[in-house]
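So that you can tell them apart, the chains are marked A, B, C, D and E in the order they are listed, and the count of residues begins at 1 in each.
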Amino acid sequence: MDRIGVVDTMFACIDMGSIAERRLSELEGYGERFEVVRRTVPGFKDLAVAARRLIERDGCAIVVACGMPGGADLDEMCAHEASQGIMMAQVLTGTHILEVFVHMREESDPDKFATLCHNRVADHALNAYRMLYAPEELRKRAGQGIRQGGEDVGPLAVR
Amino acid sequence: MDRIGVVDTMFACIDMGSIAERRLSELEGYGERFEVVRRTVPGFKDLAVAARRLIERDGCAIVVACGMPGGADLDEMCAHEASQGIMMAQVLTGTHILEVFVHMREESDPDKFATLCHNRVADHALNAYRMLYAPEELRKRAGQGIRQGGEDVGPLAVR
Amino acid sequence: MDRIGVVDTMFACIDMGSIAERRLSELEGYGERFEVVRRTVPGFKDLAVAARRLIERDGCAIVVACGMPGGADLDEMCAHEASQGIMMAQVLTGTHILEVFVHMREESDPDKFATLCHNRVADHALNAYRMLYAPEELRKRAGQGIRQGGEDVGPLAVR
Amino acid sequence: MDRIGVVDTMFACIDMGSIAERRLSELEGYGERFEVVRRTVPGFKDLAVAARRLIERDGCAIVVACGMPGGADLDEMCAHEASQGIMMAQVLTGTHILEVFVHMREESDPDKFATLCHNRVADHALNAYRMLYAPEELRKRAGQGIRQGGEDVGPLAVR
Amino acid sequence: MDRIGVVDTMFACIDMGSIAERRLSELEGYGERFEVVRRTVPGFKDLAVAARRLIERDGCAIVVACGMPGGADLDEMCAHEASQGIMMAQVLTGTHILEVFVHMREESDPDKFATLCHNRVADHALNAYRMLYAPEELRKRAGQGIRQGGEDVGPLAVR
């Protein structure tokens, strides 16, 4: 059985990993073609190596890595370092790790923020699934201005 | 048969990958000497590992990686991370990956933006071809102020 | 016997490594299931390679890396480089290295700063232990807004 | 016969590679002890992997990598990424790659800029030669405030 | 016999490498237990790979890498890239490379600058020695606010 990894943090204020698990459990082949392996780490700087371990030790074919950078300038620098680590882990393993970061700066209203977070995580869980089992779904949407968590922008209107 | 990889994103608002495919299909040897392998990923942070996979799993000799960074500051930081990943993938594989980024900030008029995007992608598709089959075409243009997507600057006029 | 690595610096103004050692010595299995290996280096830019050596030469299963960036802008850039190194060491070894940085900018009152530093180091020492022996403790706290060294933020209140 | 690699770009407005080739051709042992291998790539982000290829595929013992960052902020970020790539290629191959960047921002007068560019490239071509065949020439100049392309600053005058 | 590497630059305005060599020559075991291998490179971006070569080709057990970033903003970016390279070389080789950078911005008075530079280099030469032969000297100073080149800050005074 294939494995899809999900890793999230104690730092985040929403249980992002469970959103991803739930979304994946709704998709065709769950429990038959693929299963989900879940990990939680302290903060987003721990995601990159956790993802690498999910790939190399647990045999995951793809990983969804969820983090929630805080609103201070220092948090943004840390998020940058965390992203660079996830990038490095991807390039070194040759395996996709979908970085799902929801920045606290993006939305100040808690309900809207929760909705944004939920939708982005769920959309990326679906992306992970499609990258493994339905790449033609991605191909069809090339250049369509697709966004995860918010409204799609759509393709550029040209006269 | 040689393979040239093309990878683009769902995030972009123009189907950049198809522009590259079309340009490559016009070049000598298409379908005989070389073929094109196309992938689409969610966003530009997924390009680096996709390019690595095109090189190592699909045997591509060179890759054109297309992305369209949005206009916010956070988008620029993400573009920086995406670029670093593409750089890392190139250096680690020892294979050229032509980064074709068209930043939304570059041009606000949609028609001009579309033209810029089209020209830059097409120019880089040609560059990829020349790097494989006609390096002397690049050598001839050394220091000629060549730009992809806009007017060439030309060589510096010195008295 | 398992080994947990602790590395800190001469640069810091608090003996952070001893705080980590003390916290680890209070945990179940100390001296039986696991022991602690301690190193001190000049400054935080020396932490990444020291951590790698603790993992590869001394066989540590996880490392707690403690540093205290100064308050100047140049210090922040150095901290960024130190963090990138720790990230790289993690990704390359596939082993967690918990970065415990207490920035002098975070708190100007020396007593509060000392308390913050003490709590953050102790909390991360516990995290290291849990990552090895009680991952379910981390899993239970996913998305709970857990902070190291200060008050937990708690999960987001949504209507 | 040893090989010295020279790589430059079509983007630059001066044929930097030819300046390097010309300078190397004036040095003792040219055509006997060493020869020059020249490549041209589209832009400076393509230099790092081109240098790696010159080292690993073409057997170059050292590489001179020439680029000319434009004057916009985005160009500077790209130059930073290009530099990081060249750094990575050096560290991974264990071979020196002399980064010769002339930033358009450095000098607005075209004639002075051309002189600066010419001198810097030529000086680095000489450096590459000396690193291979005359390291004692570098050693003699340690701490002498040597600059490539402009006036040497000279050693610090201390009372 | 062990080997300690020292590498510096022609760019610096003080012969930093000789300060390091002199300090190391005063320490116990010099010429018996360990010897010093010296290199000079053009600028600080050449330090990382030179250090790697000292480790891998010349068998150095540790390296002191000396550089002197200039005062312009561009110099600071270059220093950042040079530091990242040294970090990467450390992590990849698993060997300490002590980065000894004296920034021209740190002190405008030339005599004070020379003193700062001299002390910092000498202190790091001693650190390199202690890391090899007297790690307990570092351990004793953990969290003592030790500075290289200036007054030690001392441990934080807490009520």
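We take it that a contact is a pair of C-beta atoms (placed from the backbone, for glycine too) under 8 Å apart; a residue touches a chain by one contact, two chains touch by 3 or more.
Here is each chain with its UniProt name: A, B, C, D, E = Riboflavin synthase.
These numbers were taken from a predicted model, which means no experiment stands behind them.
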Distance between the centres, which are taken as Cα means, of chain C (Riboflavin synthase) and chain A (Riboflavin synthase), whole angstrom: 25
Chain A (Riboflavin synthase)-chain E (Riboflavin synthase) separation of Cα centroids, rounded to whole Å: 41
Set of chain D (Riboflavin synthase) residues in contact with two or more other chains: 84, 88, 92
Touch-based graph of the chains, sorted into line, ring, star, complete or other: ring
Chains in cyclic order, anchored at chain C (Riboflavin synthase), direction fixed by chain E (Riboflavin synthase): C, E, D, B, A
Contacting residues of chain D (Riboflavin synthase) [partner chain E (Riboflavin synthase), same complex]: 76, 80, 83-84, 87-88, 90-92, 94-99, 103, 105, 124, 127, 131, 135, 138-139, 141-148, 153-159
Contact footprint of chain A (Riboflavin synthase) on chain B (Riboflavin synthase) as seen in their complex: 8-18, 38-43, 45-46, 48-50, 52-53, 56-57, 74, 77-78, 81-82, 84-85, 88-89, 92, 110-111, 113-114
